[in-house]
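These are the structures, in structure tokens.
Each of the two complexes below includes subunit A, the first together with subunit B, the second together with subunit C.
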Partner chain A sequence: MYKIMIVDDAQFMRVRLSKLLTGHGYEVVEAENGEQAVQTYRSIKPDAVLMDVTMPEKDGLEALAEIRGYDNQAKVVMLTALGQESMVLQAVQAGAKDYVVKPFDPDRVLRALQKALG
Partner chain B sequence: MENKLTFNIEADELELFIDEVNEYLQVIESSLLQLEEQASSPETLNLIFRAAHTIKALAGTVGHQRMADLTHAMESLFDAMRNNQLTPTQKIVDELFDVVDILKILRDEIINQQASDIDITAVLSRLHTLIDQNSHKASSPKSEVSSENTLTPEQISQIKKLQEDEQSVFNVEISTDAKTFAPAARLMQAAMALLDAGQIVRQRPTMEDLSAGKHNNRLEIILATKLEGKAVKELLADVADLSDFQVRPFKVEQPAEAPPPSPPATAPKNGNAPVSVNSTSKTVRISVERLDALINLVGELVTNRNRLKQVEEILRSQYGKDETVGELSESSTHMGRLIDQLQEEVMRARMLPISHLFDKLPRLVRDVARTSEKQVDLIIEGAATELDRSVIEVIGDPLIHLLRNAVDHGLETPEQRRSANKSETGTVKLTAAHVEGRVVITVQDDGKGIDPDRVRQSAVKRKLMTPERAAQLSDEEVIDLIFQPNLSTAEKLTEVSGRGVGMDVVRTNVERLGGSVFVESVLGQGTVFRVTLPLTLAIIETMLVELWNTVYAIPITGINDVLYLSDTKTDTISGMPAIRWRGAVLPLINLRQSFADPRLGDMPKTVGGKQAIVTVTWGKQRCGLIVDRIIGKQGIVVKSLNSIAGEVPGISGCTILGDGRVALIIDIPGLINAELRLRHVKEGLKNGHSL
Partner chain C sequence: MRVELFNPFIIAAGEVLNTELGVKAKRGALHLDKSDYISQDITVLISLIGDIWGVVIISLQFDTAIAIVSHMLGEEVTEFSELAQSGIGELGNVISGRAATKLAEAGYDTDISVPTMMVGQGSRISTFDIDRLIVPLETEFGVVRLALALRESS
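Moving on to the complex of A and B:
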């Protein structure tokens, strides 16, 4: 079973995503900011990461850079919103495998994950 | 219904959703206040931006488009502010406060699943105008893509070498739909995918150009790879939002000058950046219902523990120092301690910092100050003070009322203050603290204070009392009259003394919670309201007493002392029974009379037990309650009586005892009020006053 880390500061979003992923046979761990994401990634080593861009403590871009620095094979899919084009670009440049725009279409999230996992 | 709305949200998600939206709205509101006071920092702007951003995502996720649109506009404004493209003027801040109010209405649409009559078009267009006027649009030159289609000699030789190395070279052309979100990022994603697959000989536009938004929604790459063309296509098929892509074997055309290939973007390499190792505090949200269920279970445990204690006592009296009884007693004592701890932990889980309530108040004070044309500094202390959420939920309205009054009626206008040699800006101070197992909240203003003589006049005019009686009362007692219901409706009083609107409601509500509220005021200097509340409403420590054969529980927080009736000498003072106690006269209330129920017939006159007096205090009132017998101290779980018996004067609720009996909880303020007021009436009649 693939283990997916969901990173979002809004609990509602985590609950939503978590429901979606567990419903499709994924195991889920959650982190609520970039800092936690980096630490959780190190300790749990999930198979893929779904991560919000805008977060307190450490934003998604910083966390992405740290996670990729720690594991250059890290498969990170960014969750983003309209208005964040430049951040998405930076994320992709920094090694994000894909990005999904909020409000997200569940199929898109699942597809992005499947692709990231290969 | 015509205006019914449906959202993409399950019933069990609603509470979390609303909680979270409220949390972020609160962040926006308090940050706006900081902006208004020019006390904002870059962090504030980041915080407020993130909050708007998150609400947008939340609203979008449940399909509330108008709410998402409005927060999106708000977010853009905050973004412009944090990039110093827009200065938050008072007008903008005012507008944003209005937006927050509208967002609250839109939020309620989700709760009620019903459209409100709010129309956001006007406010949206105002926000957009602000954004357009003030933010310098980042210029996005998109047309500077080189149309050169030639390769450098170096590139050509590189390609040859790669082909010799048994790599296939492809010419890849990719295009995206201009209307997709972040097309540059999709193109970049495609480029990154190809980079993973092999070596990019040439890329147009380059990564830099893509980053700068220089692209015509097209990307052209010459790729050398060990993969077959089909595999390359599969890679690209994985990239979302591409409208078209072609993968053709590369054919060398005319060698000529071309822009040098861009170095492939490298992933940042700061893997060993310092990571603080603070253990992430793991928290979960628990629904209130679940906590309440837990409280109830703990309550049952407490009840059963008490029952166990009783059984243990019976066994002890039967078997004396039996070893098994000793063991039982030991383990029941131990269990008792565990249950106490469990109860404490569960109670702690229900505790919230009062900031949950306090955070909402600066906005309120601001609004009231504006409409009443006052200048106010609001000082808040002790916002971290924790109390049970049941208390926080119900204390909000009385507190808001006190605060509103403090600003509206307590403080003077800047002109009045100036002529009174005070600073034009008044101060309202709100504090919370734990004092002796209770929470004390004060609302203090440095305004004009309450004039006792005006209250006297008003009370007489309202026929609440005779002029003689009014003159007899001390200033303190007179000021306390503002909590009288009849006085509160006096329009005149509101104008002249500035107090009284709904104060009776405040006191009633606070007392219903087992709390008290008192006022102190110095004319010309200000007024302070002191609200004392229990930490929790769910479990209380009580003294169990018996009256005839019914058990009553007296909340321990109101009790001073227990005396035996036989040890005291009862006098009759003003026709009422009383004792001298600690140098003062203590009126006695015989609970047998207070709770005499005609349906039960007369209680036997003689009392079997040793009659006792429980002395209780409520505010400044003291009195002694005569009971038949003291049973002992016990923690009880409060259950409402309302659903069974309706409101019973002098009784605030009930509990189930260990032996299954029901005990009635005595409402000390209610009882004192009812009994002593009755005495005033009798006294008045005796003295020949009409009321």
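Moving on to the complex of A and C:
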């Protein structure tokens, strides 16, 4: 069973994504901000990460850089609101496998994850 | 009153509600309001500064918010809990981000704040000398009301 880390500061998004992924057979761990995401990645080493771009403490771009610095094979899919295209471009250049625009289509999230997992 | 100032938010809110609720939100009758805004159960405030400045107020009743969040989550939520607040906040975030893109496409250089949420009826908010365009978006879960107090920078 693949283990996926969901990173979003909005509790609602974590619950919603967690429900979607567990319903499709994934195991889920959650982090509330970029700092927690980096720590959790190091301790749990999930198979893939779904991560919001805009977060307090440490944003998704900083966390992505640190996670990829620790594990250059890390499979990270970014979640973003429309209007953050420049940040998405930076994320892809920094090694993100894909991105999903909110409000998200559940199938789009699942496809992005499957693609990232290879 | 220039419609291009208002359309980005009206269209963004409609698109986000349509996507999240899976049904088309119907636009009710528009009108101008000059008096102070009196808060409903839930009020989401988004500020704009730049080529366009002012405030966008999104308001809805508790039962509408709970029904929307329940639908988005795919399970029944029974109160306006922390989780439900987070869901409505996220809805505000997504509408705001989408509106920012549409404003940029229309050629306006405008910064939009992260939404702020007020919970509780009866607070008075003044938009001073800027009239508010009231746009009710009617859904099967209840009405989501937009109040747009926007002005072009001189």
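The rule is simple: the second predicted complex is superposed on the first by the 118 of 118 C-alpha atoms of A that agree within 3 Å, B and C clash if a C-alpha of one lies under 4 Å from a C-alpha of the other, contacts with A are read in each partner's own complex, and residues count from 1 in each chain.
We adopt the following convention: contacts are C-beta pairs under 8 Å (C-beta built on N, C-alpha and C of every residue); 3 or more make two chains touch, one makes a residue touch a chain.
These figures come from a predicted structure and were not determined experimentally.
Superposition note: with subunit A as the common reference, subunit B and subunit C are in steric clash. By the touch criterion stated above, A:K102 is placed in contact with subunit B and with subunit C alike.
By the document's definition of touching, of the two partners only subunit B reaches A:Q39; subunit C does not. With both structures placed on the common chain, the touch criterion links A:E66 to subunit B but leaves subunit C unconnected. In the superposition on chain A, contact of A:H24 is made with neither subunit B nor subunit C.
Look at A:R16: by the touch rule set out above, it reaches both subunit B and subunit C. Set side by side, subunit B and subunit C differ in how many residues of subunit A they touch, and the one touching more is B.
Overlaid on A, the two complexes show subunit B and subunit C touching the same residues of subunit A, namely 10-13, 15-16, 81-85, 102-103. By the touch rule above, subunit A contacts subunit C in their complex via residues 10-13, 15-16, 19, 81-85, 102-103, 105.
On the subunit A side of its complex with subunit B, the touching residues are 9-13, 15-16, 31, 35-36, 38-40, 42, 54-56, 65-66, 68-70, 72, 80-86, 88-99, 101-104, 108, 111-112, 115.
Listed in rising order, the residues of subunit C touching subunit A in the complex are 16, 19-20, 69, 72-75, 82-84, 86-87, 89-90, 93-94, 96-101, 104.
On the side of subunit B, the complex with subunit A involves touching residues 13, 16-17, 20, 47, 49-50, 53-54, 56-58, 60-61, 63, 68, 72, 75-76, 79, 181-182, 184-185, 188-189, 192, 207, 210-211, 213, 238-240, 265, 267-273, 275-277, 280, 285.
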